[in-house]
Every structure is written in structure tokens, then in C-alpha cells.
């Protein structure tokens, strides 16, 4: 999955006499165990997002099934589908309405780069959600499979807290 | 004198702890229960999901506190507290067993209803204070719902009060000790002499429906009708404000279940008269809470007019009739 | 039970339902002028997922456009690609082997069931019941498994080719499909018991959102919306394409015109689709899946071609104006939900918001298909 | 058969009824293979634009039965005939004939009953001042279709109650499906 190694803002805090590292770690692990995504589907990928939340794949195992319809209660924005120029301000507002800390996932090729709709003569779409949002995890696919979304959530957990649910079998 | 104050403080602390723990773990129970009903595991990875509520709590507490521009700051801040506090206060008078009761009051039933009516107020303030159209609509709905369902609920409670002759919850529960045939729900009650009460199951049913509606649970969750009003009255609440609403909701459920248990199901008494104690009480309330969860994940939502019609056209006439007949029966037997 | 009598007050406010709203199933916006809980006037604003498929159809060659059709309506993608290949085959006069036609019908009907199952779950979720969605999606996953084994994708299929198919089905697929049919039949019975009979559910739908046959005609509504208004219109029967004339199936029609009628139509349609699948499996002929003679470059002769098919949402049409080159001169997509949605503004006037949203759910909207 | 009724009604409507072209030119091309089409293309380019008139088409080859081309002024009367005969509006769209400096508006009609008859009405208007009367008074469903056609082609529908962009942004001043459109 396309995670980037951007240093988390917590690492930039200058060290002081009192160390909060342990507390920070605990807080981050708490956060990553309860990503509440925003109920916000745009196109095809939203169906796979719903499929991920439903019976067979069940995002709830990782505490991430609480889809909140209000951005105030959400931590994670999954941009699932093509972002059009008409919709972009709306998505920006939704992102701004989410309280910190918040994360963004670009689900599917459209949200990554415009996908199949970036063609000559296109006037309507934004070429990827990262044109106006700080995307944390990119999940390619058209649409991505539910397993890919689950892996994306696990990657985001790792990115936020540096904590792994399981040992990486490839490294061991 | 000092001891009384000390006792009261201890009681309140225990009540808060009990309410908070209950609320936190009931959320988990709800999520796991929903999962079971929906053929999926639910949150189960960290210690069978037992660490899920702390994780949610940590997350909610460390989230940014946002007050939307244009909101009434004071109302916006006070509403979640008002949703949570009365629920905790109600715990003070609930007898968990013959000995475990913080303060046994003569007007315990009345006090709980007084506090319960705060719940509607909190929703109104939340919806109004957040200056959100969905919020206001949800608030208006929730208030009309609370008002409509308090009436049949109170009328039903009067039948109990008439039968037992007291408003003290502890006494009401004590009168039902012995076995399930002594419970108020049972049509033939024998605690102090033979009493024929064929209408008590109806009272129980009305009370059960009303407590579902009073706690804003599905199928009566019009205040936070997710598919229509986004998130209802707490649309603008994030972080712990939302958390308090959530906890308040579950604390209210516990209160509702406790009240049903005490009024109808014999409180801490064993169904067969053996080893009465707090465990029976907890068993009963958690069974009731499970049925609440079950109902929530089974039924679709009613409409606002369907809901009000149910109360004013069906439940209130039935409960009034019920009251009248019960009074007549009490006179005869 | 319809709503109580509404006494209008002078004060109204505007409520924006969408673009991000749980009930709109995507990015649709309805500007509602509200009087309390009542809708005085509604205006739908579209275009939030307008991706300009039609211009793509003109800029790209015909095979290149094929994947687009499944992005149009991701729930019933097979039916839409079917329309495209049929249109091109009609324009370029390509013969299709019989086996391919049968497999196409098989796939389209499987896809129709999966689409209706998803709609069923989402519709009940609109009404506040969350659990049926889970059951429906679980059943849907079984269908997706079948289709994935053959087509290679879960949602946005690009399985049909001009003249035939990309991949032949094998015995495993046929056996697995035969095994899934009784399972789905059982599920449909379960949904009937669980949802259709539920009193709250019926009270919320009976008599709510009336759409009369005349209104359907004036707005060009098709599919289950028209069939719920007593019109026995189904392109598969009225204007048989592919090999649909070989199959024995009924058009479910309900005359109540309300949301429950539209719900019932779709539930019955799943049963009919199962019947078609059974027959297609029985009749499946042997043979090739691609024609022997097929032009290397698809260049339909100059002219104007129209092809209508019945998708899960109604009559979908493709108009191709060809100028004899490998790109279309004009590529018009007539999407059924566009017409179905256009009557929402008029139909929801005077309704309460929760009834209006229940009606919106019963229209079975897929927003990218409206906006194209 | 409704087909004959409608055809006769259209023939009566048109002021100078053209003879029905039984074997239209486009039809002949449809039966040819692609290779032949290539050769003929050079010839066809000089073909004049289609004249107004009623055309009976082969449903199997084109997907519709009756194809009428008429002046914008006759549109309302023609649509009224279809309305009386219980047709429903499938869609409205446009075609940009840039070489002929004309915009064509295409109306698709169909029927709900089994007497299947798809009717296509075309009307052409000059490209520099495209004006066509609205049919949204007869078919309210045309409202959205006409707005969409206005979005994409800039055809102005006279008398339309609410001709603002529907699919394009509210302030859009471009018409993407015109052949000379550059984003």
C-alpha cells in the first residue's frame, strides 16, 4: 500500500524534562483502534467500502465499523470515488469540519489520480484527492477489493502509532 | 450527620463509576450484539474486544473540542452534561438489592421521572444550541416524543403505586420478594394475600414500549434518525460532547431496565425465592438491555406521526382504561 | 397510513439534503424548502459526480469505452455493458454465437439479483433497519464470488466483448450457480418474513410516495418504478433483445403506485431472475463464445443507432451516431434513474421529510448513473 | 398498428409531405461490412444533410421504427401527437453537426404497451443562434433533459421555466459536447 514515511507531528515536539512518550503511545494506540470513518461514498468504491463494513469482511473487528454520518464525530475520511470540481468544495468543508486528529484515505484510482476519467478533454474532475487534502494512505484499485481497504486501515494504524497488530510474516 | 454526607458522596461516586462503566461496556455489548445478529464477529481483536471501550474513550477524550461558529456556546456546552448528569443522579435511589441502595426515598419513582424529563431538555438544548437545522428538527421531534411517552408511562406507574400503596422503589421491590408468582407482572399476585391482576402484563408492555421511546432507542430513535437527519441532535457534537451523549443514552437504558425490573420483575428477588441478591437484579437488567439491543437491530424506524399516533391514540387510552379497571379490581378483591 | 393534514404556515426554511447525506446514497443534493417537517418545494441539484462519460465516448474508440459503462452503474454493471455491446453489434452487424448470448443473459440476471439485493439492504437501512443490509450483502457476496471467478472483478465488470465474451464459463461455475439458486430462494423467503411482514415497515411504505402511471409516462419513468405503477413495461418483453424471447418469465406488476409496490416489484423480480438463470443453465448450448469472423477494428457504418436494454433500474438506452470512424460521433447514454429521479421534485411536494426519503430510497438511485 | 397511425399523423402534419423514403441511404450502408464502409466514406462526405420528412426504419438495424425530421416550429404539434397516443419520453439529446453549422436536437419516444414503436424526432437549428421551443409544458420530464442538452450543447429551449445548468457547475459558461470545445 502506498504509505509515505512522513514524520508524524508528534515527533517534532521538542523534548522536555517531562516525557509524555508513553502516554502518547497509549493515546495513539487508542486512536488507531477506533477509527470512525465518515459515511461518505462518492461512487463505485463506496460500494466496496460498504462491503468491507458488512458481514464477510467486517471492518468492525478493528473497531472501525462505526460509520458516522456527521463529520464532527468522524476521524477518518475515506474518499471513495471520483472527486469532481463541483464536489471538491463540499469535501473540503467536510474535511474542515472534522475535529483533529483526522486522517484521509484515498480509496481507488479516481481518488488517487483521477483514474480512468483523466482523459483529454476532461473538464469536470479533480485529478486526485491529494490536490486539496493531505492524504495519508492510498489504496489503488478500480475499485479496490475489500481486503485492500482492510490492509489500508492496518497500514494507517501502523503509520499513526508505529504499532503493528501482527508481526509482519515477510520480515520474520 | 457527617456519616450521611460521606455516605452520599461515596454513593454518588459509585453511581458515576457504575454508570460510566456500564455505558462504556454496553456500547461494546451493543456492537458485539449487533455483530452477532448480523452474522459477523464485531470488535474482537484486542482481548476479545474488551479493550475497545477504553480505546474509544481515549480517542474521544483526546479529540479536538469544536464549537461551531454561531452556536450558543453556553447551551452547547451544558447540553451533554445535562444528558449525562440526571441519569447518574437517578442511580442514587435505585435499590440494587435489599442492602445496596444509596438513598431510599419515599418518592423514588417520582424522582426518577423528574430526572428523566431532563433528558428531553438536554436534547432540546443540544439541538437548539448547535444552530443546525437537522439538530433543531431532531430536538423538536425528541421533545414531542418525550412528552407523549411520559404520559402513558406515568399512568402505568400509577397502577403499580395503587397496588403497592407506596412510591418507594425499595418497598415496591421488597413487596415482590418470594418468587415469580409474587411479581407485579404476574396476573395472580400473592405476596400479601391473594390478588387478581389480569391487566398487569398489559401495563408491563406499555411501560416497556414507553421506556424504549423515552430512551430514544430504535424503533423510536427519531431524535437521531441517521438516514434523515444526519445524526440528529448531536450532529454538531464531536469528541467528548458526543461521548457524553452516548454514555447518557446507555445510562438511561440502564435506568429504564432497572425501573422495569423493580416495578414489574421483582427487583433483586430470585424467580424461585432462593438466594435473593444483587446478582439477580443485574441478571434481569442485562437481559432487558439485551432485549433492547435485539429490538434495535431488528426493527426499522417508525415515522414521527406513527410514533405520536401510537402514543396518543393507542397507548394513552389503553393505559387509562387499564388504570380504571385496575382500580376497580383492587376495590373488588 | 398517509401523513396527517398539513396546515401551511408562512415561515419556511431551506434544508440542504446532501451532497453528503446518508439518505442520498452518494453525492446528490436536494434543496428542500421546509415548513417544519413538511416539504413545500424541492429542487434537485445534480452534477456532483458528473464525469462526462459521453465526451469520453466520443474521444475514445468503441472498445476503449466499454469499461466506462460499468463505472456508470456499479451495482448492475453487466446490464450496461450489455447495452453497449448490443448497440455496437447492431451498428457494425456482428453476429454473436448462441452460447455467448446465453452466458450474457445468465450474467446479466445474476447481476440484477445482486443489484436488487444491495438495493434491498440499502432501502431498509434508509428506513432505519440496519440488519437486512448485512444479510443482503452476505448473500450478494455469494453471487459476486460466482461472477468474479468468470469475469475477474467484483463490481465493475468488463466481461462482454463485441461479438462475444472474454472468458468461457466452466462446469465449476455452472455447478456453483446451481448451488446458489436454492440458497437465494431461501434468503428471499427469509427477507419476506423478516422485513416485508414487519408492521413498522409496511406502515412506512403503504400509500407513501404515490407515483401514478400517468406521472410515469409524463416523466418517462421506467423499470420497477413504472411496474409499481401498474405498467407492465419491461424492455426484455416489449422489445426482446439478445435471447430473452427464449425464456419463460413474468413481469411483476403492482397497481398500488406506492413505495411498497415498488419494493414488491423488485423482490418479485429477483425470483423471476432466478427462473431465467435456471433456464439459461439448462439450455446453455455448446459452441464458441466469440464469432469466427469479426472485424479487427470496430468501425460501424455511418448512421444513427439506438439500443435499449432493461437494467436493474429500468430502460437504459445507448444512442450511437457514427460517422464511420473508430470513434463515435455522438455517444448518448439514456439512464433510467435520470428520468426516475426527475419526478421526485414533483412527487415529494407536501410530504414529510422522512416519507420523502423513504420514497427516494424506493426509486433505487445510483448517482453516477444520473450524473454520468 | 400504432406505427401506421403515427406515421400517417406525421405525414399529415408536415406542410409539404415528402415521399416516404423506403430504403434510406444510411440503411444501405448498415448492411455493408466495415471494409466497404471505408471505401464509401469518401463518397458520403459530400452528401447533403438530411431533408425534413418521415422515415420508416428497420427496427433490427437501427433500434427505432419511425424517424421524423422537422422544423423547430412543427415540434410542438408533433410531440402533441405522441402525447395523445400515450408515448413516453425516453430522452432528449443533441448532436453537433459542425460541418453543416447546425445543432440537432433528438427526441426519443417509446411506448409502455406491447405495440412497440420507437419514434425519433429530430429538429435542426443554426449553430450560431440555437433556439428550439420547449416541450416541458407537454412532458414535464423534458425539463431535466432539456436542461442537460442546454448544458452540453448550448441549445436554448424557448419557454423553459428553469434553464440553468443541471449537471455542470452553476456558473458554467461552456458547452462540452460541442465539437469545438476546448477545456
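We just call them A, B, C and D in the order they show up, numbering each chain from 1.
The definition used in the following text is that contacts are C-beta pairs under 8 Å (C-beta built on N, C-alpha and C of every residue); 3 or more make two chains touch, one makes a residue touch a chain.
Small disclaimer: the values here were computed from a predicted structure and weren't measured.
Colleague: In terms of C-beta pairs in contact, which of C-D and B-C ranks higher?
Modeller: C-D
Colleague: Quick check for the class: compute each chain's Cα centroid; which one is farthest from the centroid of chain A?
Modeller: It is D.
Colleague: Which chain wins if you rank chains by how close their C-alpha centre is to the centre of all protein C-alpha atoms?
Modeller: Taking the mean of all protein C-alpha atoms as reference, the closest chain is C.
Colleague: I'd like to verify one number: the distance from the centre of chain C to the centre of chain D, where each centre is the average of its C-alpha atoms, in whole angstrom.
Modeller: The mean C-alpha positions of chain C and chain D differ by 26 Å.
Colleague: Express in whole angstrom the distance between the two chain centres, defined as the mean CA positions of chain B and chain C.
Modeller: Chain B and chain C have C-alpha centres separated by 44 Å.
Colleague: So how far apart, in whole Å, are chain A and chain B when each is placed at the average of its C-alpha atoms?
Modeller: Taking the mean C-alpha position of each chain, the two centres sit 37 Å apart.
Colleague: Hey, how far is the Cα centre of chain B from the one of chain D, in Å?
Modeller: It comes to 64 Å between the two C-alpha centres.
Colleague: What residues in chain B touch two or more of the other chains?
Modeller: Residues 38-40, 226, 230 of chain B touch two or more partner chains.
Colleague: For chain D, which residues are shared contacts with two or more other chains?
Modeller: Within chain D, residues 168-169, 176 contact more than one other chain.
Colleague: Which positions in chain A are in touch with at least two other chains?
Modeller: Answer for chain A, listing residues that touch two or more other chains: 54-56, 69, 86, 121-124.
Colleague: Thinking of each chain as a vertex joined to the chains it touches, would you call that graph a line, ring, star, complete, or other?
Modeller: Drawn as a graph, the chains match no named shape, so other.
Colleague: What pairs of chains are touching here?
Modeller: All chain pairs meeting the touch criterion are A-B, A-C, A-D, B-C, C-D.
Colleague: Can you name the residues of chain B that touch chain C in the complex?
Modeller: Going by the criterion above, the answer is residues 34, 37-40, 133-134, 137, 140-141, 218-219, 221, 225-228, 230, 297-306, 309.
Colleague: Quick check on the complex: what are the chain B residues that touch chain A?
Modeller: 31, 35, 38-46, 49, 51-52, 54-59, 62-66, 226, 230-231, 234-239, 242
Colleague: Give the list of chain A residues in touch with chain C in this complex.
Modeller: Those residues of chain A that touch chain C are 38-44, 46-48, 50-51, 54-56, 69, 81-82, 84, 86-87, 90, 94, 116-117, 119-125, 142-143, 145.
Colleague: Any idea which chain C residues touch chain A in the complex?
Modeller: Touch list, chain C to chain A: 19-22, 25-27, 47-52, 55-56, 59-60, 67-68, 71, 74-75, 118, 133-135, 137-138, 141, 154-156, 367-368.
Colleague: Can you check the complex and tell me which residues of chain D touch chain C?
Modeller: Its residues touching chain C are 26-27, 29-35, 37-38, 40-41, 44, 60-64, 67, 86-91, 93, 95-96, 106, 108, 110-114, 116, 118, 120, 139-141, 143-144, 152, 165-169, 176-177.
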